[in-house]
Amino acid sequence: MTAPPSAAPLRVTVWGENRHEREDADVAELYPKGMHAAVADGIAEHLGDAARIRTVTLDEPEHGLTEEALADTDVLTWWGHRAHDEVSDEVVARVRRHVLGGMGLIVLHSGHFSKIFRTLMGTTCTLRWRNERDRELVWTVAPAHPIAAGVPQPLIIEQQEMYGEFFDIPAPDELVFISSFSGGEVFRSGCVFHRGKGRIFYFSPGDQDYPVYHHPGVRRVIANAVAWARPVAERGEPGIGRYPTGWFEPGNGA
Amino acid sequence: MTAPPSAAPLRVTVWGENRHEREDADVAELYPKGMHAAVADGIAEHLGDAARIRTVTLDEPEHGLTEEALADTDVLTWWGHRAHDEVSDEVVARVRRHVLGGMGLIVLHSGHFSKIFRTLMGTTCTLRWRNERDRELVWTVAPAHPIAAGVPQPLIIEQQEMYGEFFDIPAPDELVFISSFSGGEVFRSGCVFHRGKGRIFYFSPGDQDYPVYHHPGVRRVIANAVAWARPVAERGEPGIGRYPTGWFEPGNGA
Amino acid sequence: MTAPPSAAPLRVTVWGENRHEREDADVAELYPKGMHAAVADGIAEHLGDAARIRTVTLDEPEHGLTEEALADTDVLTWWGHRAHDEVSDEVVARVRRHVLGGMGLIVLHSGHFSKIFRTLMGTTCTLRWRNERDRELVWTVAPAHPIAAGVPQPLIIEQQEMYGEFFDIPAPDELVFISSFSGGEVFRSGCVFHRGKGRIFYFSPGDQDYPVYHHPGVRRVIANAVAWARPVAERGEPGIGRYPTGWFEPGNGA
Amino acid sequence: MTAPPSAAPLRVTVWGENRHEREDADVAELYPKGMHAAVADGIAEHLGDAARIRTVTLDEPEHGLTEEALADTDVLTWWGHRAHDEVSDEVVARVRRHVLGGMGLIVLHSGHFSKIFRTLMGTTCTLRWRNERDRELVWTVAPAHPIAAGVPQPLIIEQQEMYGEFFDIPAPDELVFISSFSGGEVFRSGCVFHRGKGRIFYFSPGDQDYPVYHHPGVRRVIANAVAWARPVAERGEPGIGRYPTGWFEPGNGA
């Protein structure tokens, strides 16, 4: 399977845990169609016909992430919180294989503790937190990065859960955003990683208790990230192989 | 002035020193229209209508790099060798201001010793070299990077000048290619840097004594790099400023 | 438990799989006391009284890596090849916890495919290989790094297994060495990673079929790496926690 | 000249502009012996006999930075503010040559706008600022880094000038500290760079209007940084050179 030419619509799959929205009245009020729908709307708002967006959720068969679904996905976004442990190891291994093979992955907020993010990072992905309506300011520190295009300096989120350092991740390949909170904590809130042939972006704003995914600036960041994470090569996980001397010479095949 | 929407053609300026081609018969034979023309052709071959390409050379007034020309340039490519010192400091300062303000810059081969590259890097940009028809193999080490899209692994250049480590540059923000030479040396041959709001790519293949800019793989890399270096923000060099407490609050202006 | 003051001897544990040496006559001849003994000797040669070195092997109870042994280790070196799968998941999890908690880890050669390295990297750690007595040249590209101190440019290894790119690892936090092989391949052969509170160095020379761990330059690199990886903080894996507003204020405790 | 063995005392030179202390009564009260003396005291407090510390100031001949003085310096610290332009270009070029040749450099606070820092970075080094007694919290984001050893999380500075993003520097090779300010801004306040064979650390706390260099945590950071920046190779700026095929073969010389 090959990556589509850049003229083809980007095939985006928005994955949502979809539990808080069905179990907590407050969250349902903020996100009547589910948080995944708000994320998808934000992407569509910015990418329009350049993207073909689907949403899938935890309680679908195979969590909606069959081999076929992933093979038909250029970029996957991930929001989970309450039910990380209910995601099957088999599906996690499948998603990982696709990311290492080139599929883009955008991990949102509490997704820092998802199986897929932790297995790709190799670290604990732990952090400090507090859910007391801190104001979050998101500062761009990489103004040349396409994920920061059109994002206000600072991006102001009036109420948010606090996520604070030390955030136990590998040093990002590119650090795009740093947040401060009204309580004084800071957080590396926009982090680029490359793993295998896949491009990964972690973006921390987005707690279920606040209308963060309706925020124009947040939607802009997520849409930028989805566009940026487009695969650049044919899907296929890197592999090991024995290569005789001169294998790359014309006529020797590779 | 704002960056053009991504639907607008990318405004590319190819800068060439254009001395070897006029002074050395061997080079003139390889590049009858000049090396800059070959570089421009390679970009046009890949980007087609998505780019509007101009070439300018050292001996034009202001080296063809007036304020107007740069303001109308999204990405500038730079090849120089024999006459680095003839580039005026005023023009170098102007190019630097535009790069820090967001203009993309692709520095080719012996451009490692240009005034503009050295001033942006801050280091000596020295290296080992030998012009004895080494074979160069260019290996991709960042397969998720758009500059590596469609580039063979390895890219084989039958004859090239050897550039070897230690190459005195800052550690690249992203290392895309590493070359080996038949003499055994290695070189970080494809290096991404961000400076200010500008995206910079250094690509080492390209000596005047070999037909490197006619090589399909080399042309692909340069075209990829030009497309990748598109500015993402309004042109404008970062500046210093005093900001009162709460300057970013709604109504306080910024 | 706290990290020892830098005046205290560095507590080094050299882990060896110790199978090839007992099963292959050729390897036993190169390493009559085992490869781990050669690695340990190289470290001792350079660090002398500044290090207290122990060796442990796969076939000891818990592979010699009990909780007590790890708690008493500042830096662990790892060589494995034939029996990666025989390392118990429980021990791997324990080693990982200590690395994230601050223990240094030096991974050698075929250790790239060990469980501990793969779980810390999150990628496949695959590569190209060929065991045909290539000459390997190890080039320093980070001359300011303490791991490169006193290492010849290039370090010449007359015969070695070839390891070639693409090596599927996260981009190293610092790239110290790049190797070329007589067949033309290149490899990021000296890579620094930080994970949690631990410092990790991967160094690729060292196949069992060649006397690489008797090579003075290789021994210097490994000794440098061991000294560099000394923990800088109290041992303890990063953890998640809820922190009320103002938790860090004097008197509020932390 | 060679780097001293690590058993020899580290040769530290503390450079101070020494103008505010003589011209502003408030600053003189905070720093009766000069800010450079406070910086030197902080280093001595932590490194003791392991360091031999000298202070020099702007108004000495050649600003105290003769060739002899620099050749006898392992690590130089730099604080300047009011008189950056009075530092002679010749001395700046000399300091730069020594840094690229291996001398460590610790740049403090308003030194971000010094000639030496700007020329080594290649960018504008601009930032936002406000001198309104913000509280600064310095957060460690690289707990494995020796510069963070023993530094409280967070390090609290009750009153400081605000420095805010976007700070126009190259992405640091390692980001050790991020600060927040009571006004909500953030700043990459502890940044590692390698240039040539030299190790550079920028640390932003330290305005002349506050007693920051008497702060135990700040002194710890600066002492850690000075120890970390010790040269690892013989002093000597990287150079360009032609190398014939096989130059590194035994007997061919190098």
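When the chains are written out, they are named A, B, C and D in that same order, and each has its own residue count from 1.
By definition in this document, a contact is a pair of C-beta atoms (placed from the backbone, for glycine too) under 8 Å apart; a residue touches a chain by one contact, two chains touch by 3 or more.
Worth saying up front: this structure is predicted, and the values here are computed from it rather than measured.
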item	value
Chain D and chain C - chains in contact with each	A, B
Identity of the chain that, by mean CA position, is farthest from chain A	D
Superposition rotation for chain B onto chain C, Cα-based, multiple of 5°	180
Chain centre separation (chain A, chain D; CA means) in Å	37
Where chain A and chain B are represented by their mean Cα positions, the distance between them in whole Å	31
Junction residues of chain D, two or more chains touched	137, 142-143, 153-154, 164, 166, 171, 173-174, 184-185, 194, 196, 238, 248
Chain contact topology (line, ring, star, complete or other)	complete
Chain A - residues contacting chain C, complex	100, 113, 119-124, 126-130, 132, 134, 162, 164, 166, 168, 170-171, 173, 183-185, 193-196, 237-246, 248
Chain D - residues contacting chain C, complex	102, 137, 142-146, 148-149, 153-154, 156, 173-174, 194, 196-199, 232-233, 238, 248, 250, 254
Sites on chain A touched by chain D in the complex	135, 137, 139-143, 153-154, 164-167, 171, 174-175, 178-182, 184-186, 188
